[in-house]
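By written order: A, B and C. Residues from 1 in each chain.
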Amino acid sequence: MKKTLEILKRVAGTLMLPVIMFVIMKIMCDANGYTFFGTMKMWQALIPSIAVSVACAMGIGLQFKNGRFDFSGGSIMLLSAIIAGNVAKNSGTGSPLLFGALCIGLCVAFSVLVALVYVYGRLPIMIATIGMALLYESITSQIFGGGGINLVSVKFIKQLSAYPLVLIPLAGAVGVYAVYNYLTTTGKQGVLLAKNQQSAVNIGVNENRNVIISYIYSGLIFGFATIIWSSLGKRDAIFSSLATVGELFSNILPVFVGLYIGVFCGDTIGIIMGSISICLMKYGLQLVFKAELGAAISTAMMGLFVFLVNFVAGQGQNIKKLTGRLFGKQEPLKA
Amino acid sequence: MTAIAQDREKQNLVQWIKKHSSTVASLGGLVFCIIFFTIGTGMKGESIWSGDKLSTLIGDVIVTALMAVGAVFIYSLGNMDVSIGRQVGLYSTMLVLIGNATGSLLPGILACIVVAVIIGIINGAAGELLHMYSVISSVVFMMVISGITTIIYSNVGSKNIILSGVDLSFFRSPVNMVIVLVIEYLVIGYFFYFTKYGKYARSIGANQTAAAQSGVNIIKYRVIPYIFLAFCLVTASLFQMGYTGAASDATGTGFEMNVMVSLILGGMPLKGGMKSRLSCAVIGALTFSLLAVGLPIIGVPTRMTFMIKAIIFLVVVLITCRQKSGPLPR
Amino acid sequence: MKKLIALLLTLALLMGLAVVPASAESKGKILWLSNLNSGIQYEFYVAYWKMIAENLGYTFDVVYGDMSNDPAGNLKQVKNAYTSDVKGIIISMDGGVVNIMDEYPDMWVVGFFSDMDSVFEENGPSHDVMTREKFLGNMGDNYISGQALGEAYAQEVIARGYKKVATCIFPVFAYPKHTVADAAFRAAIAAHNETAADPIEIVGDAEVLAFQPLSDSYFLEQGRDELECIVGFCAGTTFIYPKMVEAKAMGFCRDDLQLITGGFDNDPDLLADCGDDKNIVSLTIQGIESAIWPIAMLDAAISGTMYKDYPGQERMDSSVFTINSTEKFQAMIDNSPMGPTLDLSKAQAQWDDMKDYFTSVNPDASYAELTKYCQSFTVEGYMK
């Protein structure tokens, strides 16, 4: 009985946020005449956005969980998309496998390069990743005439970002993240390093090796994300410094939300639920508020939503006291 | 002077350099840029120190430097504020709208200060009071202000708005820019180095637990640096808006990254602590602006300037920020 | 040893700088404050203006404008790029024009490839520029008037026999012309419907795209799944086309849904999807050889030989390429400079064709003739 209750509590905690979000958006959309909200077609249309959000969040979240704030993810994805897209298009093979392999291979290579600069340059992680982001962004303006890449009309690539094939790279990203967290020593050592770096090193964790391997995994995840993201629209080269860092700050929101939901279900599913919640909110708000106001209001509301989630989760102990045993344990977060 | 005394002096100098290697290296980067562009632009028949170019350089530096000086306080806490750019955009917009409505800058400045202080207090207190990552509140403000700014311009019906009927010549003078920067530097420097506000901010950045156990009110001394930043941002917004007399929905885009890059180039430790220095703000801002202004003069194609800046950034940080021993820096 | 290394490095540095060739004697430099930073149109303008400038004795350089058209951003870019030999600038981003002219009062300024609303509108932020002698006027991006654009698109829709269409625009605060164009489009369709046996239905209001692609829900909304054509006054190839392709793949819209819009991209995969029976049936762009006009105006002003019949600052249409058939798309690919690779030799006007319109070459050149010439280019010119 107790075990069943525990399971029910966890399921409820996991689904609470996306379900509440769905219900609220459904009410708002129906009230404004958008009755297709919640239909199968809507989900089919939304899944590519959710897939990109999940994959990017996991790529960023993997390093974030290990105590590393990585600014280079956006630039890695863009540079990989431009190179992989141009090579795959010009190869004439029409092979999505070639494109996929290039995306993953390039993302891993660029991520490992970031790791090497961090490890052997012995620079603070933010500085190392900012420097590499600047470098990668500058390369995008030099290669292939600085024209970026447009894969929207390339059918053999575009199919990878549309339902149902988009589920393959999504599954890949989720799988890599789960394997890293639950099945690898590196993942577990990463948690040790995040909690107390010096102690972890003292007990024998090889930090250099751990970092490089973690970046291989985050590179794999970014590779899957790039497969989807690169053909959702035209991707321009960068001509102003650190323009891709905005990708970090918009994709890190599901990480923040997901790490709290993860108390109930582990952060793999937590991030998926967080992404779904945020995508639903964005979709619904843009429908209801329409036009230029829709995007603006959606951005502002997303910010407030993340604040609210973090506030509620941060008050976990207080709420637990107030309500009995509604929520699970929540460690107070360090600022 | 005897040989022994000379040797001792040399050793003291070497030790001083070793102790302040980060400062020396970042200053070295700036000095190298100065020498390089002085020679390089001269060979192209231009001078980076001509009236025009110096004015361009100062105009380029001023907003970033004004923001960065205030941001040093925040970064010394070990915090990061990613809403700086959006705040500057919002305050520039408020200055134009209120200026047009009232015919004077003063009400706009006061309104901006009130808003900035409120945002600063929330940014500073939220992490500690609400038990959340401190960067979250600034991400939230970045998004909320972005939405608000878009709505404002949508209601105004134009992408750009201009301030009319107010004399803005003060904000266009390079001399005034330098004077204001110096005054801000001295004022913030006084608080940073000679008062408990700066000392406690740096100690919180060094070790918050130790600071709390030493009796430092963490919340109070986290909030106060954000209030200093608020005044600096309003000052920066005045110069940002004042030069063109205009604001747009894109004003301020990316400024937080310019501040971060400038501080890093200047040798600021991003995790804060006792080694935080105010000079990082000005050194880094100057170095970055010298690159932006000087590279086109010596004939570097525009697209190549991005790559050169990235390489120089990496080289400078490898010299200034490298930690030789211990676990990997965070 | 350290001193020797330092000396060698310094010498290497100085030699490296010395190797950079000093610029040859020229009449001055012309800058382009560009709203593009890549793509075939960008490459064409850079190469074309460079060619013309060299023939006239100028040097030419590009300044990337602030992509958000922020006045301070544009001013900063121009200031960073400005050198003492700059005599004139072609401006394609109107944010901060007045500030640029305040900063450099001796520099000649001409507008091109932009509607310059901030200058020509009565309450525009840069309207003061109209009182300045150094501002020479503007040639816009195809039609200046939204009215003309809307009516042209309406004729296209009527000619193709669509019965159910929808429109997309950019926000009015950024692109007021699109709102005017949309209104003119609807008026023209309404006028057509008064006498038509089968009236044309315009589904819903114009969809306003806040510089984001068409939303995921666009085709799920009532009536949109049966659309036959989307008319995009905005850059449809970037903002509408991707979602259209996605929607077709998922069965959210008709298989034969087509797009009428503006903008040109020489991406082979995109061009393969342009034609009478393809996704994109019509693209309207600025006639690229109109680029002769701004540099001719600058040359006249800089060399002190302004056209005798120059009427003062005015705003005008450029030549318009309406690429609305498979043959025309093929002509653009095969016979225009904007094919898979840039080929200036395919331009409709080479230096020998245009030189007599420049007053520094032909003092009797006429402004009216220059303008007429620059507005005369058509897609059909590539089909001869």
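Definition applied: contacts are C-beta pairs under 8 Å (C-beta built on N, C-alpha and C of every residue); 3 or more make two chains touch, one makes a residue touch a chain.
These numbers were taken from a predicted model, which means no experiment stands behind them.
Novice: So which one's got more C-beta contacts, B-C or A-B?
Specialist: A-B
Novice: Compared with subunit A, which chain's mean CA position is the farthest off?
Specialist: C
Novice: Let me have the rounded angstrom distance from the C-alpha centre of subunit B over to the C-alpha centre of subunit C, please.
Specialist: Subunit B and subunit C have C-alpha centres separated by 37 Å.
Novice: For subunit A and subunit B, what's the span in angstrom between their mean Cα positions?
Specialist: It comes to 30 Å between the two C-alpha centres.
Novice: Which residues of subunit B are in contact with two or more other chains?
Specialist: 150, 154
Novice: Which parts of subunit C, given as residue numbers and ranges, touch two or more other chains?
Specialist: Residue numbers touching two or more other chains: 64, 171, 173, 210.
Novice: So which stretches of subunit A touch two or more other chains?
Specialist: Within subunit A, the residues that touch at least two other chains are 141, 146, 239-240, 292, 295-296.
Novice: State the interface residues of subunit A toward subunit C in the complex, per the touch definition above.
Specialist: Going by the criterion above, the answer is residues 33-34, 36, 39, 41-42, 44-46, 48-49, 89, 141, 145-148, 150-154, 158-159, 161-163, 232-234, 236-237, 239-240, 283, 286-287, 290-292, 294-296.
Novice: Show which residues of subunit B lie in contact with subunit C when the two form their complex.
Specialist: 36, 39-40, 43-46, 52, 56, 59-60, 150, 153-154, 156-162, 240, 243-246, 248-251, 253, 292-293, 296-299, 302
Novice: Please name which positions on subunit A make contact with subunit B in the complex.
Specialist: Going by the criterion above, the answer is residues 67-68, 117-119, 121-128, 130-132, 134-135, 137-139, 141-142, 146, 197-198, 201, 207-208, 211, 238-243, 245, 249, 252-253, 256, 292-293, 295-304, 306-307, 310-311, 313-315, 332-333, 335.
Novice: Hey, which residues of subunit C end up touching subunit A in the complex?
Specialist: Touching subunit A: residues 37-39, 43, 64, 67, 171, 173, 207-208, 210, 212-213, 215-217, 219-222, 238, 241-242, 245-246, 249-250, 252, 265, 267, 269-270, 272-273, 279 of subunit C.
Novice: Can you name the residues of subunit B that touch subunit A in the complex?
Specialist: By the definition above, subunit B touches subunit A via 79, 82, 127-128, 130-134, 136-137, 139-144, 146-148, 150-151, 154, 208, 222, 254, 257-258, 260-261, 264, 269-271, 303-304, 306-307, 309-311, 313-314, 317-318, 321-324, 327-330.
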